[in-house]
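Working notes, structure below.
A, B, C and D are the chain letters, set down in written order, and residue numbers restart from 1 in every chain.
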Amino acid sequence: MSDVEEQQKNREFKTDDDFDTEFFKRIENRSNIMKCIQCGTCTASCESGRWTALKTRSIVRKVVLGDLSVLDDPDIWLCTTCYQCYERCPRDVKPTDVIMELRNYATKRGNISPNHRAVVGYLKNFGHAVPINDEVRKRRVELGLEELPPTAFKYKQEGDDKDLKKIEKYMFDLPPVKEEKKGEEK
Amino acid sequence: MTVEEKVKKTDEIKGGADSKEAEEEPRIGVFICHCGHNIAGTVDVAKVAEYAKTLPNVVKAEHYMFMCSKPGVQMLKDSIEELGVNRTVVASCSKNQHGRTFANAIQEEGLNKHRHQQVNIREFNSWVHQKEKDKATEKAKKLVEAGVNRARKLEDVETRRIATTKAALVIGAGIAGLRASYDLAELGIPVYLIERLSTIGGHMTQLNKTFPTLECPQCSISPLTNGVANHPLVELYTNAQIKNVGGSMGNFEVEVEIKPRYVKDNCTSCGECSAHCPVEVPSEWDSGMSIRKAIYKAYPQAIPATFVRDKKNCIECNTCVNICPVKAVDFSMETETKTFKVGSIVVAAGYDEYDPSEIEPYHYGQKGFEDVITQLKLERMLAPGSLTNSQVLRPSDAKIPKSVVMIQCVGSRNDQVGNEYCTGVCCKFAIKNARIVKEMYPDTDVTICYIDVRTPGLNFEELYKSAQEVGVRFIRGRPSEIVRDPISGNLKVIVEDTLSMTPLQLKADMVVLSAAMVPPEGIGPLGSKLQVLRSKEGFLKEFHIKMNPTLSSKGGIFIAGAIQGPKDISESVAQAGNAAAIAAAPLVKGYIEKEMLIPSVDLDLCVRCGLCKTVCAPAAIQINDDGTPMVNEVACKSCGMCMPACPTGAIQLLNFSDKQLLDEIIPIAGGGAVCEDEL
Amino acid sequence: MVKEHTFAFFLGCIMPNRYPAIEKATKFVMEKLGYEILEMERATCCPAPGVFRSFNKFDWMVAGARNLCIAEQLDADILTVCNGCFGTLQEINKHLKENEEHRIQVNEKLKLLGDYEFKGIIDVRHVAEVLGYEVGPWGIEDHIVRKLNLKAAIHYGCHFLKPTRIREIESSEGPTIIEDFVEALGIESVRFKEQLTCCGAGGGVKAYSGDASMTIFGEKMKNIDEVKPDIILDICPFCHLQFETGQDYLNKNKECNYDYPVFHLSQVLAYCMGMDVDFIGLQYQMMGRDFIFGGEDVKKEEAI
Amino acid sequence: MSCEDIEPEVMEKIQDIVVFMCNECGQGSANTAGVARMAYNPAIRIVRVQCTGQVGPIQIMDALNNGADAVACVGCCLGACHFFNGNILSMHRIKLLKKVFKELGYSDQFVNQYTSRAAEGETAVGDFEDLVIRLSNAIREEGTIKDGC
């Protein structure tokens, strides 16, 4: 990298080239998002943001500006979907939905944490995000319940895996692990 | 012509209508103007004139250098005299430019001026098609033919004079209503002033000091309240409501219901009755901050000074009746209904403060949140002679708060509660009050949480600065909620300081909500009685936001003050003055002059569906008992909107009827039906 | 019309696979109250709104619609016990009923998963809402055999009431539905600071960043500890899990010393309606194992 | 695209366009355009009406039936109608008409609604240009309205 390029990369300011005004044009509810007045009600409501780096308002701002860096921002994964901002935003921006949608785009780019990847695996294999274990099987029997609940997993155990096979095949296709991101994930 | 001559002249041309019957054979004179090179440089005017000659009923077709010149106009006049031309078509510039010149010219010859048809071949043709001379000429021909077609069926439009009733009615006696009443009365017009409360002055009397100068509102308003109350031409009715409104512009009949005060005018305001009355209720005027009796006077300077009994809360113990030294209390008084004949109505019904309990995270009005108040309540606390003795004391424990947080845009700029507008006044009054509080208690932290500070205009940014100077803290962020510690009872305001991107939890001994100004209670029924339209927020809608912000959707009904939308006092007063002036104009003049360019209804075609009434914004169409529509010729604004609403084409605007428009359309649309069999 | 007094019982993940006692209790309660409970065979995860919707909203809708179809085939409204399941299924159900375009797209994809077609004929209910509004505190009196005398810190969780415009149950800023109901059981709700905030588990945060999740939760526990309730009462197995594992985590890592028993509404109600204490399942939980319900037996005559 | 880009074969088919312009901003803007000598297609023929709210399906069908290639209404800006809300009524009416046109299998570009500002001739000329461009697209795709007969 030449000196000039290096300097360019470290600059503090942004130029129009840093924004992609096209990308977010397809976002749902866009007209409302563009009406955000940056009042901060969302951030002030945010139960996660009080303790973490998540600043809801600035996420909405980045969407308005077309700042795609928001898709690589780990903060979007800190929203607990408590809907407090959604309830209170005076301009009906629905920030929770915005964040959920950003996560969809981020996932497509391969920005998905290993733990989340594992949860998708569980769904495909067991039909559950939290699969059963031996301990609980025992408890179920003690409580007088069937050892396995009558969900898709039970049928798989009984040799009928037509449901889970299809779910595995057709649902929640994740992109391959992003190379350079690997080390960064917590 | 001098102004006096002009006045005389308009007086002469009144019902010049009934001149000639429209039945006779049309004889049309067509005049094509060169306008020097302006038209003739592009359009072959001679060819156009030749073409015009071939059209039916055209008895003369000429082209001339400058039609608007004296000789040009004379050509027009001569044709009437010499050839018996009874309709003229001038193809020259726009209707605005010289249309009127020619119309007036034929009027001078005794023809109704509506028999002139102006065809614009300059702005609409030669000037915009300079490079396409042939096409421009062809277009000019078509335009002229269209004009001739239109001229053929033009009918006379009568100009009528309607005498007006020289009196006005003003609804609402806030600052706007008072100003309008006073100005009207000073123009010599008798005024009936209708106020629904027992006192006049409106919200202004509740305020402590008014921005930007921080003067005492009582002092500024009392010359006006007294002036109005004592004006020989103003009849004041308090405890009064509008019941019914009939008639139209120039001549309304308004029925007003006046509830009794139960105290006669000989009351000396001694206060004995009130002192002994056993019933106590929160004072509405004091925004619930103090207690009043069932027989009371809202506040010491209240006008009228006569006491009033609140029948709803009275337990009829008769103490007051017996104690009154002048025997003024009289329970036998009854509700009266009066009918007033007036020429104009001014609506100045003001506003209400928004009730913030709808915004749940702020917990206004809930148990444990007594220290969350509104700005109007704070004004009442600070005002002279208040319950707190003009001190700021928190309601929960009557202590001076060490921290006051004000929250802006409560109920304004909020899509969720449906008030999208910015009230525009609350930034100013919050800054005013913040500064006053900070100056009174320098040790108290005063914070304003805002989204934007909106202080436009002379003196207001200065006010903002002055509050910053005394140490009011401004935080840019809209609080998400007010939380109360269930153990200590302390309040905290949660807000993001958006400028530093920090979520904050502000300690607040007292929270003041800058609540929006919203339409006053009861505006719905009042609006429908007056038949005026309202904006989607519920305020009365002005006829045109820029050109006519004081006229309502209906002629003869004017709006002043906060009823049209949130306003501060200066704006309310300014609008009230304007409303008075334009409301007075037809009354001073004594008549309304109106061209009867109105629709007529063909009762054979009309199916009595009433659809025409629904689209008529000025409410000019009434439905008779038998279901037939009737056009009020005074109220109609000649917009023609009723025409397409009618399923049978029964209602047709004079000179703009479907048939007349079709005549005009045929030549310019290409001429002749395309596929007759199908359509 | 769907069958009356009948529910397709949607289990979800955490309840059957971690806290089966809640499942037991819910079945017990609903059957005693006269409802028929149908099993939703071959159901899957709802799928969880925080995680799966984050990855692919469309697939989330399809998978949710698949579960809805199973209930539609049973001709019964869905009963959920978990805020997450409720959130997902109620929202997808409502959305697909209203949005024809999405309904067509979802049905297209559902064909790949088997013989499913979303019709939009059922509703999705949460047990707390059925108890609070349908059975009601007025209707539960007759069924109670044991009345408690407890102070509870009630946790509503987020997705039961919010987004209010979609759930249409009650305002989320000052709800009282559970308070009103448990009062009939002799449970007093103690107000604590920031009572209505999130437990920190949702939105995939628990999986994504345990630290962040625990920080949010730690504050919650601190506020609860200030008022010293007897129990923590929730209406969602995921919150339940957070309260259980979270206390343990704070004790081990943040020098706390919490031991509050955590109960789902179904569990305390089952106790009051006479279910054997062993089936309540406290012995399987991590916290408050020494807790004793106590309370008095309500004599039949008195109850009537 | 601009009007210059329209191929002559298509332009050939654009001969008569009837534009109903209200007495206020509509006429005003066209006058202003004229004063500023802003050229536009001579196929544009303006009919003066009181308010666009006055123009109904009758007038529009009259124009088309008599050979117009397209019809448009030009009124004041929304919210600034000099007769209160005529332009909004007209807008709804034209939306409905567009639907009807579509259902009958015609392009919905043969009838349009515009707004303009009296002081700005370019608003009127912009409307006219847009009108011609839309019409040219429609003609290219589906032929003229006369072809549909």
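Odds and ends about this structure:
Here is the rule we go by: a residue touches a chain if its C-beta (ideal position, glycine included) is under 8 Å from a C-beta of that chain, and two chains touch if they have at least 3 such contacts.
Keep in mind it's a predicted model, so treat the numbers as computed, not measured.
The interface holding more C-beta pairs in contact, when A-B is weighed against B-C, is A-B. Centre to centre, using the average C-alpha position, chain A and chain B are separated by 51 Å. In this assembly, the C-alpha centroid of chain B lies 54 Å from the C-alpha centroid of chain C. Here the CA centre of chain C is 59 Å from the CA centre of chain D. For the pair chain A and chain D, the distance between C-alpha centroids works out to 48 Å. Multi-chain contact residues of chain B (touching two or more other chains): 361, 481. Contact of a single residue of chain A with at least two other chains is seen at positions 50, 84.
The set of touching chain pairs reads A-B, A-C, B-C, B-D, using the touch definition from the header. Those residues of chain B whose C-beta lies close enough to touch chain D in the complex are 94-97, 120, 122-125, 127-132, 135-136, 138-139, 142-143, 146, 533, 543-547, 553, 615, 617-618, 637-641, 643-645, 649, 653, 656, 658, 661-662, 664-666, 668-675, 678-679. Interface of chain A with chain C (complex): residues 47-48, 50-52, 77-84, 86-87, 94, 96, 100-101, 103-104, 107, 112-113, 115-116, 118-120, 123, 127-133, 136, 139-140, 143-145, 149-152, 155, 162-163, 166-167, 170-174, 186.
Here chain C touches chain B in the complex through residues 171, 173-174, 191-194, 226-227, going by the rule given at the top. Contact residues on chain C toward chain A in their complex (touch as defined above): 11, 13-14, 16-18, 20-21, 23-24, 39-45, 47-57, 59, 62-63, 109, 112-114, 158-159, 162-164, 172-173, 197-198, 200-205, 207-209, 211-213, 215-216, 219, 279, 281, 284. Chain D makes touch with chain B in their complex at residues 15-16, 18, 27-28, 30-31, 33-35, 37-40, 42, 45-51, 53-59, 61-69, 79-80, 82-86, 89, 93, 146, 149.
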